[in-house]
Amino acid sequence: MSKSPAYTLTELLACAAAGLLEDGRSVFVGTGFPILAAMLAQRTHAPGLLIVFEAGGIGPQVPVLPISVGDARTYYRASAASSMHDVMSAAQAGYIDYGFLGGAAMDPYGNVDTTVIGDWAHPTVRLPGSGGANDVGSFCWRTIYVLRKQSPRTFVPKLDFLTTPGYLDGPGARERAGLPADGGPYRVITQLGIYGFDEASKRLKLLSLHPGATVAQVREASGFEILIPTRVEVTPEPTARQLRFLREIDPQGLVIGK
Amino acid sequence: MSKSPAYTLTELLACAAAGLLEDGRSVFVGTGFPILAAMLAQRTHAPGLLIVFEAGGIGPQVPVLPISVGDARTYYRASAASSMHDVMSAAQAGYIDYGFLGGAAMDPYGNVDTTVIGDWAHPTVRLPGSGGANDVGSFCWRTIYVLRKQSPRTFVPKLDFLTTPGYLDGPGARERAGLPADGGPYRVITQLGIYGFDEASKRLKLLSLHPGATVAQVREASGFEILIPTRVEVTPEPTARQLRFLREIDPQGLVIGK
Amino acid sequence: MPPSNLGKLIGWRDPDENRAWVREHKTRALVDKRMPLAEAVRRFVPDGSLLALGGFGHIRTPMALIYEIVRQRRRDLTVLGKTAVHDIDILIGGGCVSQVEVAYAFGHELRGLSPCGRRAVESGRVKVIGELSNAAYQWRFLAAAMGVPFMPVRSMLGTDTLSHSSAKVLDDPWSGKPVALVPACYPDVALFHVHRCDEYGNAQIDGIRIEDFELARAARRVVVTTEVLVEHERIQRRPWDTLIPFYLVDAVVEVPYGAHPTEMPLAYSFDEAAIAHWLELSQTDAGVQDYFAEFVFGVADFAGYLKKIGGRKRLGQLKKIMDLEPADE
Amino acid sequence: MPPSNLGKLIGWRDPDENRAWVREHKTRALVDKRMPLAEAVRRFVPDGSLLALGGFGHIRTPMALIYEIVRQRRRDLTVLGKTAVHDIDILIGGGCVSQVEVAYAFGHELRGLSPCGRRAVESGRVKVIGELSNAAYQWRFLAAAMGVPFMPVRSMLGTDTLSHSSAKVLDDPWSGKPVALVPACYPDVALFHVHRCDEYGNAQIDGIRIEDFELARAARRVVVTTEVLVEHERIQRRPWDTLIPFYLVDAVVEVPYGAHPTEMPLAYSFDEAAIAHWLELSQTDAGVQDYFAEFVFGVADFAGYLKKIGGRKRLGQLKKIMDLEPADE
């Protein structure tokens, strides 16, 4: 461990996120962290990973980190550059395996709020809303969440507004509501560790702790009870190779600098 | 009258059909007679007539008569060359004013059969089916029919198969069925005359007789009673100018030769 | 409202069932999908397939694939008759077809009715299992492409076309007016002939797209023949021209003149002589057999067919007709 | 299922009512639709309009039109917040907006939240009347473009996004599974900035189309600003590149750099400095007033605005950034 090079939290999270993406699969990405993780996966273990952007970019060879979901970098040397209708249809039809999302707050079932804090009609804080998040969380087979600030304010027992579906109120709820079967949140990555969802209860469950993090910290930083299995992994640290790639992808440190 | 030049029946019908198309409007055309009539209208009184083809050709400057509804002539020097989805959507949304159709048989309400003669499951004659006809007859504001062979076998009291909607079973029936409001058959042109539809009953009504044709012939050539108003026009004969244009449009007489 | 149940429901799938199939069977990786024409048909057009053909009428019809299906004596195909013209006529003549759902079939547009197709239906050899309109068909494909169970449509209502389709009628919850719902249609396989395609299956078409955008996304398997196989780099230069992205495609075959005797827009024109010859011979079952003996079983492959119909010289003429056509000025 | 009625139904029309409007108000003739920017806004963006903006986020945003709306002090607009970013921020800052239906608004993508938009909503000056997702929005436009009353969608189900939208839930008559129906949405007017357009309104866009195909066909009025006004002949050479055909378009205005400070793909990049300047000033209402005093009311027109932000020199840099970008190699 001590031999491993210095790295930032973002680099650790990026490597952890990249590691979740299988080769020969597709991923719906937004700007920033998700595209960074997807590009890292492509350069390492998943050269056949298909990157898709919500606005129509399909399979680009992204030259530099895009700033907007629709900017020309998102379909640079792409296989296709079509439309939101085309890409969202492909997702709804089952062609998109992974989705990356963030959020202001998450509940024990992986439901997420990106709409308001406080009352909808008279919000304390107005957030941007669903955007494509509800569609990604509804259509993709496996949704990956990155929440850098796990705390009792972001891991809450009940959301002010359920913007994007996790497992709603538990097993079978997505299907009962009419959402595509067998989808839902797959992993949640925070500054403390990586979480999955318990098969039986569909509630958040700790899978691995980042180097140095403790179960006690995980418990303290949540407003609801997180399932802690007897055996918990340790998140692998970034390798020198991964770090080199990350710095190639984001030379100005737009994302990894954070 | 006698001073008018010699002309074929097709030329008479083409001039009659062209005369129905207003300037600044749009017309859904197929191959053959309809495009001939539409091009004649463009060259005479309706230069601003928008010609649209079912397969995606929008506003072409048709060089020679197209043979197929999708062939390259249907979008030669067009404003747009898109898709059937685009064109059919435009029609369903109310952008297409006129449609041209033919048929094997028509009933008193202008309903038409192009599917089978005889029983559907065991047809005496199998015809091509609806194609785009049902859509044209449903979506266009005014549908114009050209039936060259009016007879008791083509003007029938009841169809073997109602492929394309006319006024169904009378006033208000289209709307009750859910078809777009205020559409329906506008004119029917046969070898004998031009017909419209009675406002009150939505039944076929004679409007004008072609030169030489008689009311008696019209009655004999129908399996149902055609409304005959007290005053019936005579279809104007083609002018020398119209004939010249027609022969420019169809130099080999592909259509006007028939 | 007429009852909406005389038409057989064909091609519909529960969207979740199809999603699961797509997840398991369609790779998202850029892999070389080139293979011989015969292999593409052998692997992706088994007996009993629910088949749809790209193009429209006599335009961009995947004829090389169709002749190969006849050559391999495929049987019991159900054809989605979306303005199926020369394509379905040849397949019926070849004895490959048992059922057809019809928007438009058994006709040759301006060229008249199809003797071969009509005989088959009128004699009961081929069964018509349902009727619908052209727009309704493409919107069945659109629903499948979108992964939704149905599409609302305002045509067909009140007619026998509706009552002989698989559509249902719903009162729109906002206007209260009846609207037709056409069920999604997922063909087992769709065949396309395109202007250019790379080895991965990124296909580009010049001119009108007709309903190929929707159909390519609705079909479980997609086989593409292409006039020219191009480098991936050529596609990457104008990715917005790609109509069919690679992840939809299962097989890619370079087949110059693969649409003959139909038109390849801006490339070559119809071969009216060849079409007329078929329409002439197909007046009788014997004539149909003679046609296949000469043009399919009498040759080794599509290249042999092209020689038969006049080879380079004839094909050059068809190019000229299209060239001479102002559309390509 | 959550109740589907907390969201206000906005933009929906009975399809027959809209058909009648289209029949009467949209000419099918090729007529010259060029007019000054100010006239286009005066005629087609009256107070109280239901407004939608083409492009997406910071891409191809019709900024020249938006600044002109502020200049003419339009009021009481309802904006369809389909990933509305800099566009809606400027309109809210300009006091033009009273209501927003939100898929994505009040944010600047990676650049953070919008101080101006958030203040307006949190203070109650601007009312959010409904929520929905990006896909649901474009499919509301698709339904309108198709002339059908609704579109089935499988997202939003089970969430507050659905219960705060105008969607309804139906059990699919085939699978029996619940599916969301989103009502068609017909904006009063949609604004677009395109790469090239002729005098009649035939508009072509390079790169991704985002949801502009659907939006242009859904809106009753369409105003197009274009980087370059081209001859009709240029359009006719590749009519299959036309995304918005002339009969949809009501006004055409040539406005080079009409998307500044957003990106015009393959033409010029974002002006990050200009965006940052706005985000800085718009921290306070006073700053917002200063911004408009300088960049809108302090100049005669959009040309004056372009001078203010650095004129030829700055615009040349933005072109360079895009040129340097491999995307344009």
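All chains are identified by letter, namely A, B, C and D, in their written order; residue positions are counted from 1 within each chain.
In this text, a residue touches a chain if its C-beta (ideal position, glycine included) is under 8 Å from a C-beta of that chain, and two chains touch if they have at least 3 such contacts.
Note that the structure is a prediction, hence the values are computed from the model and not measured.
Touch-path distance (fewest steps) from chain A to chain B is 2. When the interfaces A-D and B-D are ranked by C-beta pairs in contact, the top one is A-D. We define each chain's centre as the mean of its Cα atoms; on that basis chain B and chain C are separated by 28 Å. Distance between chain centres (mean CA atoms), chain A to chain C: 40 Å.
Residue positions of chain C touching 2 or more other chains, listed in rising order: 15-16, 147-148, 153-154, 177, 179, 207-209, 240. Looking at chain A, one finds that residues 75, 77, 81-82, 92, 139, 180 touch two or more other chains. Interchain contacts give a graph that is no line, ring or star and is not complete, per the touch definition above.
A list of each chain pair in contact follows: A-C, A-D, B-C, B-D, C-D.
Residues 23-26, 48-50, 58-61, 75, 77-82, 86, 89-90, 92-95, 97, 139, 141, 180-182 of chain B touch chain D in their complex. Taken in their complex, chain D has these residues touching chain B: 15-16, 18-23, 26-31, 144-148, 200, 202, 217, 232, 235-236, 239-240, 242, 245-247.
Those residues of chain A whose C-beta lies close enough to touch chain D in the complex are 31-32, 54-57, 63-64, 67-77, 81-85, 88, 91-92, 111, 115, 120, 122-135, 138-139, 159, 161-165, 168, 173-180. Across the interface of their complex, chain B is touched by residues 1, 6, 55-60, 81, 83, 102-107, 109-111, 113, 117-118, 121-122, 124, 128, 131-136, 138-139, 142, 153-161, 164, 169, 177-180, 207-211, 213-214, 263, 265-266, 270, 272, 322, 325-328 of chain C. Against chain D, in their complex, chain C makes its touches with residues 9, 12, 14-16, 143, 147-154, 168, 170, 172-175, 177, 179, 181, 183, 206-209, 240.
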